[in-house]
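Presented sequentially are two complexes of subunit A, the first with subunit B as partner and the second with subunit C.
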Partner chain A sequence: MKQASLSIEGLRSVVEALPPDNLTPAREAALAHLGEHGIPTLRDEDWKYTDLSPVVDISNRWLTAGGGRQSPDTLLARIDEITGSIDANWLVVANGVVLDPTFPADGGNGVQVAKFSDAPAPLVFERPLADFNAALLQDGLRVRISGTVGKPVGILLIDQSDGDASVSQAWAEIDVDANSAVELIEYHVSQGNADHYANSVLTLNVGANADVRHVRIQNRSTRHVQTGRTSVSLGRDSRLDMASYDLGGGLIRNDIDVDLSQPGADITFNGLYLAGEGQHIDNHTRVDHRVGPATSAQEYRGILNGNCRCVWNGKAIVHEGADGTDARQANHNLLLSEKAEIDAKPELEIYADDVKCAHGTTVGQLDERSLFYLRTRGLDKRHARQVLTHAFAADLVSRAPVDAARSTVSAIVDARLADLIEAEFAEELVS
Partner chain B sequence: MLEINNLKSRIGDSEILRGVSLSVKTGEVHAIMGPNGSGKSTLAQVVAGHEDYEVSGGSVTYDGKDLLELEPEERAREGIFLGFQYPVEIPGVNNAYLLKAAVNAKRKHQGLGEVDAFEFLKLAREKMAMLGMDPKFLNRGVNEGFSGGEKKRNEILQMAMLEPRLAILDETDSGLDIDALKAVAEGVNTLRSPDRAIVLVTHYQRLLDYIQPDFVHVLSEGRIVRSGDKSLALELEEKGYDWLREAATA
Partner chain C sequence: MATESENLESLVNRRYEHGFVTDIATESLPPGLDEDVIRAISARKNEPEFMLEWRLQAYRQWLEMREPDWAHVHYPKIDYNEISYFSAPKSDEDRPKSLDEVDPKLLETYDKLGIPLHERARLAGVAVDAVFDSVSVATTFKEKLADVGVIFCSFSEAVQEHPALVRKYLGTVVPRRDNFFAALNAAVFSDGSFVYIPKGVRCPMELSTYFRINAANTGQFERTLIIADEGSHVSYLEGCTAPMRDENQLHAAVVELVALKDAEIKYSTVQNWYPGDENGVGGIYNFVTKRGDCRGANSKISWTQVETGSAITWKYPSCLLRGENSVGEFYSVAVANNMQQADTGTKMIHIGRNTSSTIVSKGISAGRAENAYRGLVRVMPQAHGARNHTQCDSLLIGKQCGAHTFPYMEIKNPTARVEHEATTSKISADQLFYCRQRGISEEDAVNMIVNGFCKEVFKELPMEFAVEAQALLNVSLEGAVG
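The block that comes next holds the complex of A and B.
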C-alpha cells in the first residue's frame, strides 16, 4: 500500500503567499526539511500502526483550495463556554490564530505571555510533522512561569471546520523557572462538518526544583484528525505530574518525548483513551534517561469498542551512565468488542547497570465473575457493564493532577462511556 | 416458596446435579450439607441464575413462578439473595455505591422511589455495627483487599440491606475464625423471620451450632440422599460422609 505524497509544490506556494514576518526564515527552513523528509509512512518503524493518508489527503485538498484560514469568530461562544467551565487563566488558539490573553499576563501573577509574532525565537522543528507545522506557522505562544502560580494556566486549542477541508497549526512553548510551581491545562476541541487536520507542538521545559502538574484533554470531533507532539525536559530535582485524556477525535496520534538529563528529576505521565466505532488513537511515548538518579512512571489505559484501533508504544531508553534510573510503564486495555484492536508495545533499551525497569501490558474483556456478582445484586446487564467499565477508567480520572480540570474530565468520560456502552448494546441487538 | 423438582444440571460434559428435589417454605431455615464436589455450590449457583450451568432437566419454581425463566438480576429483585463462597473483588466500584445501586434496583422493581441518601447511610452504619464492620469499609472498593472474614461480613451486610425473602448462603462459614463466625451467625439470626427462608450450604456442622436449622439435607453425587432435622447434622459430624455414601449405594 503506497501512501499518497503531500504536495510540496502546493505547500510552497501557500507558504510563499503568507505575508513576510519574523517567522519567515523558520517557515522556509521547515519547508526545506519537510521537502527532504516528507510525511512519515507505514514503512517507518515508529509509524507502522498509523496510516497518515488522511493527513496527506486533507492537507492536499486544503492546499489545492489555496490554504486559507477560517476566522475564529464563529468559535467565540464555544470558547466562552469552555473557558467558563474550568477555573483557569486561559490562552486560546482558535483555527490556528493566537488570540490575545484575556487575563493580565504582565508578570505580576507569575505568568508572562508573548506571541511569536512579537518575540521571535528559534523553533526546534526537525521532527516528523513538527516541520509541517512550522512550515505553515504564523504565530505561537511563549509562556514563562515564575514563582508559585495560584490559578491554573489553560491553553485551549480549538478549531472549526465547515464547507471545505482545512488544516490548522498550534505551537506553544512553556518555560517554568527554577523553584516555581504551576498547574497547566491543555484542552483540544473541534467542531464542524468538514474534514480537519490539527497539528500541534508543545514544548515544556521544567526548571530545577520546579513542580508542574499538567492535564491534557483531547475531545475533538470524531470527524477530525490530530497529530500532537509534546516535548518535555526536566531540570534537576524537578517534578512533573501529567495526565492525558483522549476522549474524542477520529484519527489521533500523540507523541510524547521526555528528556531526563538532570539528576533527581521525577516524571509521572498517565493516559486514558476511549475509542469507539471508526476511531484510531495512537500514543507513542519515549523517555530518555540520560543521567541518574531519575524516575519515570507511566500508566496508560484504554477502553475500546466497535471497529476501532488503538496503539500504545512506550519506549524507555536508559543511556550509558544513567545509574539509579527507575523507569516503569504499564498499559492496560479493555476490549468490549471483537472488532476492536489494540497494539500494545513496551520497548526498553538499557545501557546502564544499576537500574530498575518494569513494564506490563494487559488486554482483556470485562470479568464474567464480576458481572455475575453484580447481577445477583439486582443490577441489570447494562448497568453491571457500565459499572465495571467505569471503574476501569475512574481510577485514572481520580488521578488527574489538576483539581480544577477533574470534574470536566470526569463528565466527558462518563458521557463517552455511556455512548460506548450504548453502541455495544446496539451491536448485540443486530447480531 | 421454593420448589425444586428433580433438577438436573451440567457444566460442559459433566452432570453435577442428577435430580435434586427440595421444598423450602417461608420462615424455614434449611441446611444443605455434603462432601466436596457433591453439587452444593452448583445448586446455589443454579438457583441464582449462573449461565455457565446448563439446566438439563427438572424445574424450579419460586412463589409459583418458573425461576429458570428469570435473569439473575430479576431473581435478585424478586427477593433471592446468594451469599457467595468466594465474593468477587471489584476495585474501582465503591462498596456504598453497590449497596445503594442494589437497594435501588429492588425498590424500582417494587415501584418505589430511590432510597433517601441520609437514611441509607444511617441504616448501613447500623447494620455494619451489628456485624462488627468498620464504617470505612463503605468507601472501599467492593471486597478490595478485604480479608476472608471481611468479605463474608460484607456479604451478610448486603443481605441485611437487601432484606431478601430467600437467602442462600454458600459456605458462609468457610475461612472464618470464631469471632467472625459468631458475628456472621448473629447477622443471619437477626434476619430469621416468618417472612423469610434461609438456605445454608455448608460442609461442616460448626455453623449450625450458631444457626439452628429446621431441616438438614445431605447432598451426595448430585442427589439429596438423606433429609432430617438438626440431629442429622450431629450424626454426620460423628460418622462422616462415607457412611451415607455407603448407605446410598447399598
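The block that comes next holds the complex of A and C.
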C-alpha cells in the first residue's frame, strides 16, 4: 500500500499567503526541511506500525481548500466548561489560535506568559511532523515558571471541526527555573463532525533542582487525528513526574523525548491508553541517558477492545560514560477483543557498564481464575469484568501526579471503560 | 608461507587474500556475478534443469533487492562484483604441509580448547588426508544411518540422488526472495548438508557436519536442508568450537528445517569464525538466514546457538509455528569481544492453535564490541492460546562496549499470553572480590561468573558440545578483564 504524499506545493502557497511576521523565517526553514524529507511512511522504522495516510489526506484536502482557520468563538462555552471543572490557571489554544490569558501572567505569581508573536522561541524541529507544525505556525505560547507556584498551570488545546477537513497547530515552550516547583496540566480535546488533524509540540525545560508534576489528558473526538511531540530536558538534581492518559482520539501518535544530560535527574513517566472500535493509539518514548547518576522509570498500560490497534515503543539509550544510570520500562496490555492488536517494542541501547536497566512487557487477557472468583462471590459476568478491568487501570489513575486533575481523569476513564465493556457485551450478543 | 613471527591476523588475512585469487585456468570463476556465472556454477555441479531455473530466478529477484541496513552493525560496503562465486577446494600444494608451518598462536588456542592433535591439523587447513583418515570413520557412520533409512549427505549429492525430495522442500521455508542475503545464497550457493529422517525414525546418533566426508570447504554460500518426517527425531550439530580456517570474508548461509507432524528437530550451532584482530581488521561477515517450519501438529524445533566468532554476525534463527500445539525454542549465547559486532536473535511466528515458544538469550559484550538482541514474537489472529516467554539478559564487561535489545511483539489474538523480560548488568566488584578472597584468580573468577550467566543455554547443548562451549567462552573473553 503506497501512502500518498503531502502536497508540498499546496503547503507552500498556504504558507506564503500568511501575513509576514517574526515567525516567517522559521516557517520558511521548516517548509524547506519538510520539502526535503516529507512525511514518514510505514517503511520508516519509527513509523512501521502507524500509517500517516489520514494525516496526509486531511492535510491535502485542507490545503486544497485554502488552509483556512476557524474562529475559536464557537468553542467558548466548551472552554468555560472545561476550565471551570479543574482548578488551575488556564492558557488556551483554540483552533490553533492562542487566546489571551485570563489570569495575571506577568510573572507576579511565578508564572510569566508570552506569545511567540511577541517573543518567538528558538523553534527546534527537524522532525517531519514538527516541521509541518512550524511551517504553518502563526503563534505559540512561552511560559516561564519561577519559584513555587501554588495553583496548577493548565494548557488547553481545543479544536472544532465542522464542514470541511481542517488542520491546526499548537506549540508551547515551558521553562521552569532552578529550584522552582509547579504542577502542569495539558488537556487535549476536540469536537465537530468533520475530519481534523491537530499537530502539537511541547517543550519542557526543567531547571536545576526543580520539581515538576505534569498530567496530560487526551480526550479528542474519535473522528480526529492527533500527533504530538513532547521534548523534555532535565537539569541537575531535578525531578519530573509525568502521567499521560489517552482516552479518546481516532489516530493518535505521541512522541516523548527525554534528555538527561545533567547528573541527579529523576523522571517518572507513566501512560494509560484505552482504545475501542476504530482507534489507533501509538506511544513512542525515548530517553537519552547522557550522564549518570540519573533515573528514568516508565510504565504504560493499555486496555484494547474492538477493532483497534495500539503501539508502545519505549527506547532507553545509555550513552558512553553515563554510569550510575537506572532505567526501567514496563508495558502491560489487556486485550479484550479478537480484533484488537498490540505492538510492543521495549528497546535498550547501552554503551556504559555500571548501569541498571530492565524492561518487562506483558500481553494477556483477564485472568479466568480471578473472574471465576468474582462470579462465585455473586457478581455477574459483566460486573466481574468491569471490576478487573477497572483495577488494571486504577493503579495508573491513582498515580496521577496533579491532585487537581485526578478526579477528571478518573471520571473520563470510568466512562470510557464502561463504553468499552458495553461494546464487548454488545459484540457478544450479536455473535 | 607462514613464518613463526606472523601473528594470527596476518595468517588469516593471507588466506583470505588467496581466497580471491582468480586463476581462470584452474577451477575458480573470475570475480563478478551475472547469469553466466550462475549457469557455470550449476553446470559444474551437473545440476538438473529445475535447479538452474531456481537459481536464475533467485538471481533476478536479488538484483531488484536492496541490502538491508537496519541491523545495529557497521561495515564498509560490500562490492558483490569483487567476489568470486565459485572456487574449488584448495589444492594440497597451497596448504601448510604440517603443523610446523602453522601460526603458533593458533596452535596455542587449540591447546587451550583441548582439541586432539589430529584434529588440529584438519582445522588449521593442513592437507587432511595425509594426517588423519576421516573417511573410515565417516563410512561407519554412514552405514549405520543407512540401516534406519536416514539420508545424510552433501547438498550436491542430494540434488543428484534425491532430486524429488530437494524439489519438494527447497525454498519452502526460506523462499528465494526472503531477504537480500537469502536471495544471493539461492542464486549462488555452493554446497551444504541435506538430511532426511523417515517417518517414525529416531536418528540413532547426533548428526554433525564434522562426519560428512566432503564437508571441507563448502564455501561461503552454504545451504542446509533438514526434513524430519512424521514422528521422527533428529539432533544436528553445526560448526565447531575451534577457530576455523577460512578464505572467504562474506558468509551468507541459509538453513531450512521442516518438522512434520509429531517430529522434532534440535539444531545446535557453535560458531567461531575468525573475528578479526583486536582492532577489527579482518574477520568474517556472517549473514545467515535460519528458519524452521513446524509444519505438522505437535512438532518441535529447538535452536541452540553459541556465537563467539565472526567480525559481524547477522542471524535470526526463527520458527514458524504452524501446526497445532507446535513448540519453538531458541537458546542463545552471543559473545562479542574487541571490535566484534553481533545483531542476533529470533523470530517466533505463532500461526497454529496452542503453540508455544521460549526464548532465552544471553548476550555478553566486552572490549569495544556491540552486541544486540533483536527478536520478534508475532501472534496471528487465528493462533488461539499462544504462549511465549522471552528472557533476554546482557552482561557488560568494560566501559566501551554496547549491549542492545530490540524486541518486537505483535499480538493479534486476545488469548495470547506473552511475557518479555530483559536485564542488563555487569560483573560486580562484589562478586569478583568474593571470588578473589577465596583464592580464585581474576580471570578464573570472570570465567566462572560468565559461565554461570550462560548456564541456562549451555544445558540445552549436547553434552560434549557444552563442555567445549564453556572452554570456548573462556578463550573468547581472554584479556577482556584487567
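To be clear about the criterion, the second predicted complex is superposed on the first by the 431 of 431 C-alpha atoms of A that agree within 3 Å, B and C clash if a C-alpha of one lies under 4 Å from a C-alpha of the other, contacts with A are read in each partner's own complex, and residues count from 1 in each chain.
Here is the rule we go by: a contact is a pair of C-beta atoms (placed from the backbone, for glycine too) under 8 Å apart; a residue touches a chain by one contact, two chains touch by 3 or more.
Being a predicted model, the structure only gives us computed values, none of them experimental.
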Contacts of A:F372 with subunit B and subunit C, given as first, second, both or neither: first
Residues of subunit A touched, compared between subunit B and subunit C (which is higher): C
First, second, both or neither for A:K381, with subunit B first and subunit C second: first
First (subunit B), second (subunit C), both or neither touched by A:I342: second
First (subunit B), second (subunit C), both or neither touched by A:A358: second
Shared subunit A contacts, counted only where both subunit B and subunit C touch the same residue: none
Sites on subunit A touched by subunit C in the complex: 45, 320-321, 323, 333, 335-365
In the complex with subunit B, residue positions of subunit A that touch it: 367, 369-370, 372-381, 383-384, 387-388, 390-392, 394-395
Residues of subunit B that touch subunit A when the two form their complex: 48-51, 71-73, 75-77, 81-82, 84, 87-88, 90-93, 97-98, 101-102, 105-106, 109, 141, 158, 162
Subunit C residues touching subunit A - in the complex, by the definition given at the top: 70, 72, 381, 394, 396-426
